[in-house]
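Each of the next two complexes has subunit A plus one more chain, namely subunit B in the first and subunit C in the second.
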Partner chain A sequence: MRVLARGSLGRYVAVRLAATLLLLLALSFIVFGLLHLTPGDPARNLLGPKNPSPEALEAIRAKYNLDEPFLRQYFLWLGNVLHGDFGTSIRSDIPVTDLLSERIWLTFQLAGLSFVLTVLVGVPLGIAAAWRAGSTLDRAVSVTSIVGVGAPSYAVGLLLLYVFGVWLDIFPVYGSGDGGLDTWWHLVLPAITLAFGIGALVFKLTRTAVLGELQQDYVAFAYSRGLARRQVRGLVLRNALIPVATSLGLVFGFLFGGTILVEVTFALAGIGSLLASSVTFKDIPVVQAITLLTALVIALTALGVDLLYYAVDPRVRKRGLQ
Partner chain B sequence: MKRIQWTPIVAGIPLAIVGVFVLFSGIIAPDATKQDILTGVTPPGTPGHPFGTDQLGRDILQLAIAGARSAVVGPIVIALGSMLIGLVLGTLAGYIGGGLDIALSKYADLLLALPTTLIALVVAGLVDGGYWVTVLVLTVLFSPTDIRMVRGAVIAQASRPYIESAKVLRLSRRRIMFRHIVPNVLPIALTTMLLNIAFALVAMSALSFLGFGVGPGTPDWGRQLSDGRDLLGQNWGAVVVPGVLIIVTAAAINLMGDWLQERFDARAVAR
Partner chain C sequence: MSAPTPISRRLVLQGAGAGALMALLAACGSDDETSTTSGGTEGTGGSTDTTTGGGGASAQEIDVLTVAFPSSVSNIYPGQEAGNFNYYIAALVGEALVAPDSTGKLVGALAESWTHPDPLTYVYTIRSGVTFSDGSPLTVDDIIYSVGVAKDETLSPNTSYYWANVDTAEQTGDNEVTITLLSPDVAFEWGPCAANAMWVTAQRFVDAAGGEIGTPAALFTGTGPYKVTSFEPDKGVELERIDTYWGGKAPVKTVKIEFIPEETTRILAREAGDIDMAVSISLDQEQQWADTEATDVLFAPDKSYVGIDFNTAVEPFDDIHVRKAIALACDRATYVEKLLNGHGEVATALTVPEQIESVTGDAASARAKLAPIFDLPYDLEAAKAELAQSKVPDGFSVKVGVSSSAPQVSQFFQALAATVAEIGITIEVEEMPVEQWYDTIGSPDWGLAYMWYFNATGDPAELISWFLAEGNPASYTNEEVATLLQQQREEADPAKRVDLIVEAQKVAMADVPYVPLWWGEAATAIADKYTIEDFGPYTLLSPWTTRILTKE
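Up next is the complex of A and B:
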């Protein structure tokens, strides 16, 4: 087939998709294995702290296939997944797909809002700091970014929550709101929290990219030819923003994975907080589904980023993707 | 006149203070876990409790001082352990290459393709084996970046003239790798390790914030934060004290790491 010729884009995408599938398969097996290696019994968790009758335990185990041998359980689960059935949550007895579709929108909203914040703040500040490297602005933002890169989101979130939620009483303290605009309003503080750390990374990256570009020979040449500052900046930005733009895709995947802590901190009903509580409960089907979904979103954004690279950078197009 | 290096001073002071907390918490904060349920929550400024008390009447400040140990020791062990794995496996992969290199690269790729926080949460949460099991899980999750970093540095060293002459002298491969290459990789390995401590600190206290890794009642910054979350309206100290401690410690380690990295880079350029 022509599409799958060596070095072609089609082949590249096919290989990457196959690798992603393998990764998801390996991941699902690891999670399944861990759940079975560990102490703690979901059937007991479900029936509560009182001593349950053996019959009740048996019934629950049979219902969720917990009485089958390990490998058989895994393949039963895998077969169902391939049919689009992720099983039923052991804790709430609701189909996992329903549970996720109820909550995933909020997680996407949160990741999306902080993505916009990251781009709107991190990139312009990075460019400005690189233009005036060594200035007060540059130093102030650079120091803030060191704090930002290292600061854990839950600590930053709780401090923001105290200052803006309790002390100044501007933003709501907990929960996801009543939908629509109210939900967006509830998402402002969590999004700022999530964007703080990653925005700092994007700032650093942009600053380094622009600085590196400014030291290139063509910049000195452009100035010596008498081009205006504004024109030279245009040239520099076009080149410097390629790595920035492609890394932004990875940022989205990162944000999506980072929502767990922020959702727990702000008591938001997204899939991150659902994952945290499902892990405690050993609610196998839910943990599996969310882990795979998150890994899938991240793998697909990474693939999208590489394709974007291919689209915007002629050098990559010429060399071909490996 | 030589310029004063401010970075190590600014970063060193908080690190020294945290170090004192870790080593001498028994002396500075003897009553960290003393409960007084009758007192319950009190606001900052209560006599005897500068930052107030929590639900169980424990002194916030003493609890935070005692919590330094659990918050810091694990991450140091994680960074050390994963760098040890990185140095051994990365050197073997970089210098010997071949099938081992491919296998190790695939392993690193697999772990790097996964979101670390998520995997750490799922693995540590499900295993739920307490503090040291969590440390072990995080060590494994941290190792691929170290393996990669060391591998790259070893490959860069292997083509240098001194290695060529070592080969001419017919030194054994093991001797070349661990007596000649590794010492030259160590500076960059140490900087990476320092930065890893900051990452591990954040990851570890994230897990304890979610309720994994540290048993209830154990003083720990992450756990104290999650307990303090419910007290936002009654005692701001319960959130601010451990929150600021985690942020400042992580930032100080990062500052120190960045500073060291620049110094090593500058030295490499000067050579």
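Up next is the complex of A and C:
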């Protein structure tokens, strides 16, 4: 049974990876097409609005294949990507891989730190609030979480900046520092800002899941069979945390793709702020690379989540992934 | 500097929320020790005088000066990307043959002197003893190579048009370069200028960087008072002083330019003492800047022009009565007062006064020259009467595209919309990213548009050689204007040339293809222990860190 399940797991992963590739391919075409349809001309954007000379416009269009028909442009781009060449940014004339390499790492660290904060704060608080449903703690955290979900990250960021950056003078106000620990220190406030809203959601999710399990019949049976409170809680947590754990994967994807506002507020050179300026500039190679990368991270996290589901839920293991 | 974006390509994310939050923050803030200084004109009749650099401040060694820019640059070479901030950075590392002084008059830079023996010929004597930042000497060959770079459409797409009229650049003496034009054009004098269209480098630096200039890998090697040691787009630029600079050692040793797109974050960074200076601060948050501890705010005209463009080839703007009706409905003095908090002045021409001050002698006479060009007063009754004579006497509807980086322009059009609604005209304001706004300029889809243009040079014909020439955004043609434009290109006497430029605008503006609204000011915040000597419209386009003084 286990061997069979493992075989189906391998096939399942392979199929999922193939589907991810297809998804990325379709996405690349859609994004390319949408950018093509939006108003504006990258060559003109590069030269500014003042009567650009036709020769200068032509030189830029030829350099970036913008003078080719739409489909040919797309296939030229795709051909290069299949050879590992993501092209050159129209706006900065820097190879896209160079442009993204450091930025990805920064955004990854920001999302990672934020994820850790979300999990370390949201999950234990959710469990504690569910154990003591209706208590002062539960009510206080629940109200705070409503604020957390509702507060715009822009405002939260500036408030944190004022309190911890200016008033208490603990954390730096902007930028990503000189690498290593200094960068992590610079990322604390942005990570808290980013974690604020999603952490509140994770709290609510955890609380609901634990509360739901506590109302199950098996809990009453367990108590009636004389199991210790600690043992019962262990049972409840194992069951409740399955939906929580799987949702956390999506949380990471959300954090990774949702850093734009925080990066702008804290002047961080990550991929979020780059995506925002590249979209309006119609810097097609950069937008393509960032969207595909973000989609890949989300798709792989989703796959990871399903595998985690497989690992933690014996029912799924038995049934096999579909 | 062709990109007329006041806060170019800047993400404008701060909305009403920013103001509210800042009010909250200010409420818990500390005591203020602030003053607001006006370093330039205040309304008409002002001058580019300075309130700084006087007694009590001197050039002292500053180890690090941290300066926050409101948006990033993608390339530090303005030939590749020509926003204001590219120019401010390039001004510290690159030089050209000539440069503007604080009044906008051209003086020698890498050229010790120059002559203009006939309308087609410019002869420059190259300064000796100049070195590049790596210590190697500047040669005549480097100057000639750099002319080629500035003219090259791929290396310098943003400046090549300026050099299209140049026939040859050749060595004509030991230290002499002669540039020959194809046809006479007095405005060429501003071409070989680092505030406009040339930055001298050497072929070996460009070759060593694989034929690239200004990217984070290639950087830029010039002869200026600083060299770039690092450049990361969206993060910042770091520059180190060149102690052997021919013009003397600058007071600031290290300049750190940081890109901080969010204005409130910039204010907080200043509040925390993390930055010493912020350029192009938002007028919307002027008060918060003024309330920031130990900070001065300096204002100076920035040679910008803001005005309405009518596309005279598009109905109903092909009718002069329609154009006049809208012009008469513009309460320009109130816009300057309310939308700009008085930091600007009512524009009466396409040329900004700072471009003719060095010719007319002072600010007042410059304004007097420009005053009669466009002087339609605000008069809604007259506007109504004009509309009644037009082919759309009952009014019409029109939309206008406004860049989201130009909040004052958006407010202006909303105010105008409210005014003209009374006479039956409906204006719908559509906000859009700055790049989409580019497409509205001169487009047949947008009969009503606007221009926010930053003049780079002190040449009085800079904007009219676009706005009144063939291919202008108003689709405006007038033989008489074309003749006057041609005459000014050939007129070597500066005073006579200014008269021709004024005359061309008078003739054209009688047809109201444009409505000049205001000439703008830029504001710079700086730690109150420092000040900037002779802070004015040309300061940031020349090696500005050499003018940072420390107060005593």
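Everything that follows uses one rule, which is that the second predicted complex is superposed on the first by the 312 of 322 C-alpha atoms of A that agree within 3 Å, B and C clash if a C-alpha of one lies under 4 Å from a C-alpha of the other, contacts with A are read in each partner's own complex, and residues count from 1 in each chain.
Going forward, a contact is a pair of C-beta atoms (placed from the backbone, for glycine too) under 8 Å apart; a residue touches a chain by one contact, two chains touch by 3 or more.
Predicted, not measured: the structure shown is a model, and the values here were computed from it.
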Touched partner set for A:Leu27, first subunit B, second subunit C, both or neither: first
Partner chain in contact with A:Gly258 - subunit B first, subunit C second, else both or neither: first
First (subunit B), second (subunit C), both or neither touched by A:Gly175: second
Touched partner set for A:Leu187, first subunit B, second subunit C, both or neither: neither
Which superposed partner A:Val287 touches (first subunit B, second subunit C, both, neither): first
Which of subunit B and subunit C A:Tyr162 touches, first, second, both or neither: both
Contacts of A:Ala276 with subunit B and subunit C, given as first, second, both or neither: both
Partner chain(s) touched by A:Ala295 [first = subunit B, second = subunit C, both, neither]: first
First (subunit B), second (subunit C), both or neither touched by A:Gly150: first
Residues of subunit A contacting subunit B in one complex and subunit C in the other: 39-40, 152, 154-155, 158-159, 161-162, 165-167, 173, 261, 264-265, 276, 280, 282
Subunit A contact footprint on subunit B (complex, rising order): 110, 113-115, 117-119, 121-123, 125-129, 198, 202, 205-206, 209-212, 222, 225-226, 228-229, 232-233, 236, 239-240, 242-244, 246-247, 250-251, 253-255, 258
In the complex, subunit A residues that touch subunit B: 23, 26-27, 31, 34-35, 37-40, 146-147, 149-152, 154-156, 158-159, 161-162, 165-167, 173, 253-254, 257-258, 260-261, 264-265, 275-276, 279-280, 282, 287, 291, 294-295, 298-299, 302
Residue ranges of subunit C in contact with subunit A within the complex: 2-4, 9, 11, 13, 17-18, 21, 25, 28, 72, 74-75, 80-83, 153-154, 157-158, 160-161, 164, 212, 215-217, 232-236, 258-262, 264-266, 268-269, 271-272, 274, 433-439, 441, 453, 466, 471
Subunit C partner contacts - residues on subunit A that touch it in the complex: 39-41, 44-53, 55-56, 59-60, 63, 89, 91-94, 98-99, 102-103, 152, 154-155, 158-159, 161-162, 165-167, 169, 172-176, 261, 264-267, 269, 273-274, 276-277, 280-282
